[in-house]
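Chain lettering (A, B, C, D and E) follows the sequence in which the chains are written, and residue indices restart at 1 in each chain.
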Amino acid sequence: MSFAVELKDVRKSFGKTEIIRGASLQVNAGERVAIIGPNGAGKSTLFNLISGRFAPTSGEILLNGERIDGLKPYEVNRRGLARSFQVSNLFHRLTVFENVRCAVLWSMGYKYAFWKFLADLDDANDRADEVLEMLKLDRKRDTQVMNLTYAEQRALEIGLTIAGGSNVILLDEPTAGMSKSETKRFIQLIREVTEGKTLLTVEHDMGVVFGLADKIAVLVYGEVIAYDEPEAVRANQRVQEAYLGSVLAEQQAAAATAGA
Amino acid sequence: MLHIENLHAFYGKSHVLHGVHMDVKPGEIVSLLGRNGSGRSTTVKTVMGLVDGQGSVKWKGEEILGHHAFDIAHRGIGYVPENRDIFPKLTVHQNLMLGQKKQGQSGRWSFDDMYQLFPRLKERQHTEAGVLSGGEQQMLTLCRTLMGDPDLIMIDEPTEGLAPKIVEQVAEYLNELKRRGVSVLLVEQKLTIALQISTRCYVMGHGRIVFEGTPDDLRTNAYIRKEWLEV
Amino acid sequence: MGAARPAYHFKPYNVGRWIIWTLYALVLLVSPMIFTSGLSMTMLSQMGIAIIACLAYNMLLGQGGMLSFGHAVYSGLGSFLTIHTLNMISGGTLQGFPVSLLPLIGGISGLFFAVLLGWVTTKKAGTPFAMITLGIGELVWSMSLMFPEFFGGEGGITGDRVTGARPFGITFGPQVQLYYLIAVYTFICTAAMYAFTRTPLGRMLNAVRDNPERVEFVGYNTQMVRYLSFCASGFFAGIAGGLGALNFEIVTAEVVGAARSGAYLLFVFLGGATFFFGPIIGAILMVVAFVLLSEMTAAWLLYLGLIFLFMVMYAPGGIASLIMMNLRVAAFGKLRRLWTSYLALGGTGAVAVVGAAAMIEMVYHMQLNVALGPELKFMGATLNAHSLDSWFGAVFVLITGAALFEVSRRAFVREWSRIQEEIELEIRRREAL
Amino acid sequence: QKGETVKVAWIDPLTGLMATVGQNQLKSFQFMAEYFSRNNPAGVKFEVIGIDNKLSPQESLNALKSAIDQGVRYIVQGNGSGAALALSDAVTKHNERNPGKEVVFLNYAAVDPDLTNSKCSYWHFRLDADTSMKMEALTTFMKDQSDIKNVYLINQNYAHGHQVAKYAKENLARKRPDIKIVGEDLHPLAQVRDFAPYIAKIKASGADTVITGNWGSDLTLLIKAANDAGLNAKFYVYYGGVSGTPTAMGAAGEGRVYQVSYNHYNMGGEVAKIQDEFRKRFNDDWYTGATYHAFALLSNAMAQAKSTDPVKVAAAMSGLKFKSFNGDVEMRRTDHQLQQGLYIARWQKTDAKNTYSPENTGYTFVPVKYYEPYVSSTPTSCQMKRP
Amino acid sequence: MDLQFFTISMLNGLSYGLLLFMLSSGLTLIFSMMGVLNFAHASFYMLGAYIAYTTMQVVGYWPALVVAPLLVGLAGALFEKYCLRRVHKFGHVPELLITFGLSYVILELVQLIWGRSAVDYRVPEALQGPLFTIVGSTAGALDFVWGLAPQEMCRSAEEGVRIVCTQFPKYRGFMMLVALLMLASIWLMLTRTRVGLVIQAALTHPEMVEALGHNVPRVFMLVFGGGAALAGLAGVIGGNAFVTEPGMAFTVGAIIFVVVVVGGMGSLAGAFLASILIGVIQTFAVAIDYSFINFFAKFGWAITPETFGYPMLKLTVSQVAPILPYLFLVLILIFRPKGLLGTREG
């Protein structure tokens, strides 16, 4: 059986600096994996490589056993992988509803159709409304995105990612900038919408990490130094040194495990 | 040093601040807490002259409300925005250069100080800032403002998106600022940090100050924490 | 989960839309009965053509965020191929092809060249796109003078539209008959382009405009979206070109020139690129400006330039956005409170403009025609460009007008922002419900 | 018809590249209208309505419509053969489709031979001499210049330039087969800013004479560049006199620019009076002699037809012989091309005999040769459809 | 191509290239820093020529060389302050359109003040005449003589040998010198000051730049004024070298955009390189009377007027020389959208 996502000794350099130095990772279908690591370790870069924004310098990336490295983002997306961005990346002059609908059109097979009216595409419209409802954004359905609050934009960012029904979802710091209670609600939401799907997420908030992940991968200086169950990672000496090892992280993690 | 009285602020038509009072004294770390959307960032921006406000903001005894931002900056207030407004097309070093108010000016801080503080930045010195990782950008904004040698630095959620270890580093660093005689107005979400390092705290709710006191006061005041900070 | 959702987005029968489209058709239908002179008839015809061209242009600018400096290439080449086809009909090689279908030839030619040149053009948006269109525009324009075999040299290619079959005795000789042909095309093309905005491709084009990067992550190839839309736009531009060829019965190199492309850009913007109907207004203004304004005054270019400066500064959304802003006020039932202000603004503004225009006209008169006597007619009055009285009068009118305008403007701004505030409140109240 | 007012619509550019020329010619027409209204064989009054066509054929058609709406039956146009062809074609169609509302088109400067050959029209009358006639006169003159050995042709890459080059080659081959065409260039219209490379090429070719149909900045920049590089060749040109060119040419062209035209600055007599009066009133030069032709032709024809009805006047104009400032001229019946004498004139300092200096440059075109109408007359292929 | 022809063409190409650079340096400055495609740039160029023409009559040429650009710069600064600044927040397209509108207004004002035909703006006495003469003979010898070469040098002593004297005008030399000075001074300004950084930063985050203590509006005004002044200077120099007439803005309008884009947006060095390249290529292209017909003839394929596409095939390189820059533009944008030395894509 092939893995949902598999990285084989992936490397990426920008100019002379090598940012990803041979990362390997295997994610089973249906697993939730959190990627943690210090700032600049290359987490977002790794996401960029997987989602096709950059091509790796060397190594292989496989999605459900098929090689996808070097493909364009849209080609990767069409093979069933969607991602969110660390900084909200939306269609700011369109309404909330239109944003979500744009994200479902391709996956519903409408492609570049100019012989069909959007209003008649019941399945796409229903799906978009369904997503909005899940995100609790149905109230803002017809608001232009640029008028949304930060948290709403973050929510929509995730909405766009999951709307297309991709089976592999990549979330880059989905709860950044949110307050505690919102974060909680969000974890819940993410759990719901990614039920049965493969999820990779980058987070610095240990609360989220331990609340969400089945497995944790620790990325330091472009290498995966640990990949295991949360508790095992937490106990890992190297991880402690490189990343956690702080009162804050301990507290957050403890709170999450207690709550969960 | 900074004295805010009855400050009101508007975004176009919407009234966001409803009479904020606040003081920052020399050598203090003051934290401004509150839920999302309570108006903390707006307060700081209004002081900086980036949002129109009414009322009074006095800096070293002079009224600065209504002045241009660059003027306020020249008077010695530094501002670190919340959404990492780095200049994406400039290199890290150029970003820092723009922090200086006069070219080649030497104040409390030099480039080397900054690079020592965050070695990561030194490594990326000649990279376009736009491609930095989220955390690196956060470090850069902070350093950039310090290069302007402010007497008061207003920092909006500096620990956002930083790895836990770096967060603690930042906290230490703010203490270092204080030691060097710079006052800090810290807008925070992470209570742990804020309470740990600040001299005094304000809590905001719906555009008003709803609590004022020492960290210890806040720790013991369960009502405020529950009602206004959702902890 | 899906099944339990309330079916609240049933499709209402959109009455408003029907009314608007019927009105549009009606306007197209009756205008030649109201404006009957020969000139107004050609102007109406040209307006119809310009409407198609400007709407096609706005598929790029307004909907796709692509700033083109060379769209006349597609409408112009459409014109050329149409007139060549027309000549083949009159020449007998293409006997029986109905003249009324010729604009489609233009459309297909526009489409053909868009397909040919579009792929490299739409590789990037922004400045590279703008500059590539500029370059291609210049190249085609220079070529057009170098290849008299196809472009007819300086004299262009002439044709005679009275040829071929004559169903129901329609020859397209009289301008009215041609006008109705244009009107039909205008209506259909407008409807088709409106429909385009409601299709998946049309919507993705908006998305590409807003954030091309993200589009790639929801499965779309941005270049393909731009390219297909570019082709569609080329098609409609070509139809406009084809109609133009029939209307003028002559096609010269100017139809592919930079001036034409620039006019599309300017007037689409003036009309309002952010709304679908903006370019329609722009198109009408374009014809009025070029045909009427230039005839009324020698200073028309100055006026045009000034209008642009002021429009861009004070109404960057074009006329359409002004209309929409007022419609919003009207929708909340508050327009009534503004009409006195509008009256005051209009009145005082007109006075100021008259004063300024009188001075401009006198200056131009002094420069151009003073040898024919210092007197000139201006809005029914006779001014003497050499007499202090006229100058004094003009200055006086200008100053009074401007001062009063400023007074009423302040009052208006106050009232306007109060109304906007109320509307915001109202919206929030409704949202809270 | 006595005392009637005849409206003449002038349809030419007042804005754009040719605005200068247009302004001058509109004034010339207005001035000539007044001049002829005072005294003409038909006893009519003329009124000129100026409409800006922005040098665009399509706008010319709009202007035509507007003129017709204003009750105009006579239109004049001259700048740009493109607009002329458009107007000629439109007028012909209009007259066909609207009998009783005929319009007559007097072309005073558009020189494309097609207008009186393959695309000739009964309703179109040309008052200028066309490219082929001018080249005929020019080469006749060159035939006698024994020092001409090597000729270089440089022209704008569009219809007019192509024609100049074509007729020059044909005529020279016929009249002076010994002359070598040592080079030929076509450059895009109004695109070249720096002519130095072309001059270098001309120099390298060893040409002693340059023939060019260039006008406007394409002509002045060419001559300036030649002067800068010290090229001593002679220039045979069509358009040395139009507004702006004298100033720009200035000393650079002294003694080596030859122009062919149906008039020149030092004609004396009635023309001198007109020139002086015009200069006094408008502070500008009257150089479009065809404006005189236009009213002379119209009023003579109206007198003959005893009517101002365009159909009758057109019939009278076709084949009309009359006197104009450059002698006896004839509106040839077969193609409606005015047959008239042509002058070759040289650009040089003003002197006692040749006093008129355009644009106060201190220079003028001095006539060196006059050719009778028959010399420059060229055959026509016009198959005119007469009503 | 003999040596003399090559030399003179090279000189012509270089000087034309430098002239192009002079024309477009201000545009590059404004475009690279402010992102504004200033369509009125050529109008400022024209304004410079006209103002110089008038001031020259009052104060003479050399003072006018300073005064006129300053006045044009002032006009540019005022325009920035009262018009452009207002639309900055609406984005690039309105910025572009407002300069479009401005170009109309300037054109009309120029015509109102100075009339519609060319004005007699002359090269000053001191700069007239040849700088040096290239004396070359068909035998292959090549000589340079300062000033005008004496008559006898240009006459051939031997039979069958032709001697050609080509003069290189002083004014062209002067033009080259000024262009190089412009390059140097912009270069200094960009590298020695932070103005460029401030503006580039302000393009994305104006508020932040202000919050760091920079007076952004003033810097914008200075840059726009400076760019306009450069255009004005080019006008003072170009106006008398060529023709000072209302059409002069239009004729250089498009080509300067080509320079800026081909060079690479935001790159002064790129603009310089592009100017020189375009100048030289165009100049040499004029000399090549070679078309596809000759090309195919090499392969034994005769092309007759009946061949499909004959009009296209018969065009010689020299005929398309002046439009080569546009071809260049399109090709560059297709294969290297950043331009020759550019770093970003606008």
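Methods note: a contact is a pair of C-beta atoms (placed from the backbone, for glycine too) under 8 Å apart; a residue touches a chain by one contact, two chains touch by 3 or more.
Computed from a predicted model, the values in this text were never measured in an experiment.
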What shortest step count links chain A and chain D in the network of chain contacts? 2
Average the CA atoms of each chain to get its centre, and name the chain whose centre is farthest from that of chain C. B
Report which of A-C and A-B is connected by more C-beta pairs in contact. A-C
Rounded to the nearest Å, the gap between Cα centres of chain C and chain D is 37
Separation of chain C from chain E, taking each centre as the mean of its C-alpha atoms, in whole Å: 33
CA centroids of chain B and chain D: separation to the nearest Å works out as 76
Mean-CA-position distance for chain C and chain B (Å): 49
Tell me, which residues of chain C touch at least two other chains? 142, 146, 148, 301
The positions of chain D in contact with two or more other chains are 23, 157, 186, 188, 191
Per the touch rule above, chain C residues touching chain E in the complex are 61, 67, 120, 123-124, 126-128, 130-132, 134-136, 138-139, 142, 146-150, 258, 262, 265-266, 269, 299, 301-302, 304-309, 312-313, 316, 363-364, 367
Provide the residue numbers of chain E that touch chain D in the complex, in ascending order. 2, 4-5, 8-9, 12-13, 15-16, 19, 111, 116-120, 122, 130, 133, 148, 162, 164-169, 171-172, 242-243, 245-248, 250-252, 255, 282-284, 286-287, 289, 318-319, 321-323
Residue ranges of chain C touching chain A (in the complex, touch as defined): 1-2, 5, 9, 11, 195-196, 198-204, 206-207, 209-211, 213-221, 224-225, 228, 232, 431
For chain C, which residues count as touching chain D in their complex? 37-39, 41-43, 46, 142, 145-146, 148, 153-156, 158, 160, 162, 173-174, 244, 248-250, 252-255, 290-291, 294-295, 298, 300-301, 368, 371-372
So in the complex, the part of chain E that touches chain B is made up of which residues? 193-194, 197-198, 200-201, 204-205, 207-216, 344
